[in-house]
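Each in structure tokens, the structures are laid out below.
First chain A sits with chain B, and in the next complex the same chain sits with chain C.
On to the complex of A and B.
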């Protein structure tokens, strides 16, 4: 294949935009990890639910796209908090503290992920549903490759969400409490913070981010039941690549995964596209488990 | 129920005193009549079901070694099973190797794959490991699904059945002897491993990695060994699955749903409990098969069952029975003491 700088640039832009979305899901996974010290295996399904909720809200009920996105975020946050309260809370309780280690949580999340996927299948069926949204912006043209407006919008909205989250965590009192809970639950509890409530809040926040990602990806690709599971893997890859628990790390990791995946699909083989993220994940896990940027896993949120 | 199990166990123990292998041989001989019994009472289809039970017993027992004994969370086991099945099928189909040659080669390839899956375990723990293995397992399935040489969307058809001399093992009840033998040998060896120094090393790693390494256990070696042993089980089960009549393979046999079913078997039976895993495998396979008409709801039911099992019965059926036996023995002992003193 001839080396063409313009198409390379286009692939990189595609990679960056999808990578930013991986980044916000990765951020949610990181947040839950910092709150509960677990990896939430059903997070991909929350993302899928978010996409479907956005689809229903905007197409069937007729709420405009931004409103549908906010609605999907709120509903997904409620769903996440419900799951956390009803199922995961029991596990943490039996563990004695607020965190669980070991197999139970992983198996529980795995079961929850399959169950949620099945629920979505029963409600919306197995077909891929299109999510047409008219943004009213002209596609950007680079060397005969046109970049649809949804890609540009996605990147902008994702970055805005990250900025808001960053502001929230760093400059508000609730954000300070969230960081305290993530840092040390016992001491946070002694300081008068309602730790279980904040764990629920963290869960809801993470699920809202996942839902936002789902609504953003919807117009780019189609919405289908099996989308969550690959997303989980890629977002996890992003979180690991960037270093678990760091906010800019998740963003950079997501972008790296997105570029890696798109370049692999473009120059090696498009049908193996979904494997490249796993490859990157495994390579990084084996050689630099703390992430490419060497951020120690202890520094959370 | 509990008293039946304890009596049964003591009867088996007294048999084992005569010769260590005696209970196994008796069980084997009794199971030889099972296909006739099943065909007579239920029909031939259920022999096929019994075959699949045996395969899943192999898988569950293998998964138990790495998960239950060694405490490493792996969810990529189904990928190893897929590698075993596809390797054996391709070797038999493209190079005309007989089953007796293609299966060991497939097991060898699966061992190498098991080593690769196990490599992350040296550096990673818990959730990281779970996701790394999930990634590897799913990569295997995607590879199979998109590569035409590995079957892709049509699957591999007409895989030759194993032969002994001129005789072709292609009926369900004759295939049962093959898979049942494999399952019995698999269960036996998993007990041998559990009671050997290797098994003790595994359990030490499960309980505390640092303490194990301080006691002179080569932790990376034993972790990898656990993965390789479980890969042998998965490879054997895969090869047997590939050649099982009707000799057809499709990547849909290796999805996350299958992995969840496999996990459910181990969790239902009790993690680390060999007989629990066997019972779990049989129960889940039979339920899975009998509820095929409601396959829309199957993953939901299975997933929720798994969640509730972890929440309310973390030690599974095996754990509950074990606990009941211990309690009963304790009560009996105390009653004896009370009788002695009064």
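On to the complex of A and C.
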């Protein structure tokens, strides 16, 4: 393939777009990790549920796309809070406070992933469903490559969601309490914060973000029961690359993963597209285990 | 104000406290003294609700608080000042202080109280935009005390405010605690620094192996040779144990 600057630019734009979506899912994983001390392996399935819920709301019920997205986010947040209350809380509690000792939680997460996937299979079947949305914007043409409007919209909406979340966490009282709970639950309790309630809130928030990602990716690809698995892996890679628990880290990690895999697919081999994210993950773990923006935990014993 | 009757508590099956009786009168300063691993911190956590009460009862301000959740106990006006290493290092000084006022909804008064804390600890005002993880040990101790004050407590419980601080800083911290008690806040102070704590408190309890060994007025305890022996005996034995392990 001849080198051509225009197509390079287009590939980078594709990468950034999908990358911000990885970023918002990664942010949810990272939020749950700091709030509940667990890596939530069923988060990809929440993303898949979000995509299906968005599809049902907009195509079958006929709610306009933005409304369908907000609806899917709310429903996914409720689903997530239900799962956390009913299944995860018992396990996180048994470890003494909310810290988890052992593998129980990880296995429960994997089990939840399979269970959710099969529930979705029972409801919607195994076929890939198209999610056509007319955004009323012309595709952006760069040389011979046209970038569909759904990509542009995705990038803008994802960045807005991140901005809102950043504002919420940094400048509101509730956001301050969320950060306190994420950092240390015992101290948060002593500040008078209702910690169990906030853990539910954090879980719901993370699930709403995943659902937003699902509704954004739906129109780009299609909606399918098994779409969650790869998203989980990519988002996990993004969270680790950026540094677990860091909000700008999740965004930049996502964008890096997105660009890396698009350039790899374009210039090395398209059939191995999914390798590149993990290659990046391995490289970062080898040379900077705390991630690009991760702060090495300063623990004074 | 705080009444602890025959309290047993611990972690899971491990019982740490075995029948504690302790009483803090309104407006008073009471010290709880003991070496490492004697149950001091467990008692504080039990009062705060972080560790469940197995037997016995705790009454604060006329209400039974044993069995309540920690955040409910804070709302009733009983606030624990955490150990100094337990500030939120990734938050600024001001964010830490505002977190202390989390339970309050009177936001204009909260601003005024923030000013009051800054007047109390001027160094915190200078460093209010700084991440608290970068503060010195003495400054963090002032921060956690200030954070406790932001909750507008009826009673403060302090967990080893002198730990790991230089003697001059300890003196400053203790004089601030004295000033706080003069404003009418009831204080329970947990300490290993017996001399400083007995200077501040009117009454003291000495805890060892989860039971109260000795109690009495501060003056009596200062002059009681057995206090020195039992207390130092405990800490020396513990130091030896930790050296051997």
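We take it that the second predicted complex is superposed on the first by the 293 of 301 C-alpha atoms of A that agree within 3 Å, B and C clash if a C-alpha of one lies under 4 Å from a C-alpha of the other, contacts with A are read in each partner's own complex, and residues count from 1 in each chain.
By definition in this document, a contact is a pair of C-beta atoms (placed from the backbone, for glycine too) under 8 Å apart; a residue touches a chain by one contact, two chains touch by 3 or more.
Quick caveat, the model's predicted, so the values are computed rather than measured.
Of the two partner chains placed around the shared chain by superposition, chain C is the only one that A:183 touches, whereas chain B remains out of contact.
Of the two partner chains placed around the shared chain by superposition, neither chain B nor chain C is touched by A:252. After superposition on the shared chain, chain A has more residues touched by B, the comparison being chain B against chain C.
Contacts of A:113 after superposition: chain B is touched, whereas chain C is not reached. Of the two partner chains placed around the shared chain by superposition, neither chain B nor chain C is touched by A:69. Legend: residue contacts after superposition of the two complexes on their common chain; A:173 is shown touching chain C, with no touch to chain B.
With both structures placed on the common chain, the touch criterion links A:195 to chain C but leaves chain B unconnected. When the two complexes are overlaid on their common chain A, residue A:281 makes contact with chain B while staying clear of chain C. Within chain A, not a single residue is touched by chain B in the first complex and by chain C in the second. Within the complex, the chain A residues that touch chain B are 38-39, 41, 87, 90-91, 94, 101-108, 110-119, 121-122, 229, 233, 236-237, 240, 271-272, 274-275, 278-279, 281-282, 285-286, 289. By the touch rule above, chain B contacts chain A in their complex via residues 67, 71, 73, 75, 119-120, 123-124, 126-128, 130-132, 134-136, 138-139, 142-143, 146, 256-257, 260, 263-264, 267, 271, 296-300, 302-307, 310-311, 314.
Within the complex formed with chain C, the chain A residues making contact are 96, 173, 176-177, 179-180, 183-184, 186-187, 189-195, 295, 298, 300.
By the touch rule above, chain C contacts chain A in their complex via residues 11-12, 48-50, 69-71, 74-75, 79-80, 82, 85-86, 88-91, 95, 98-100, 102-103, 133, 147, 151.
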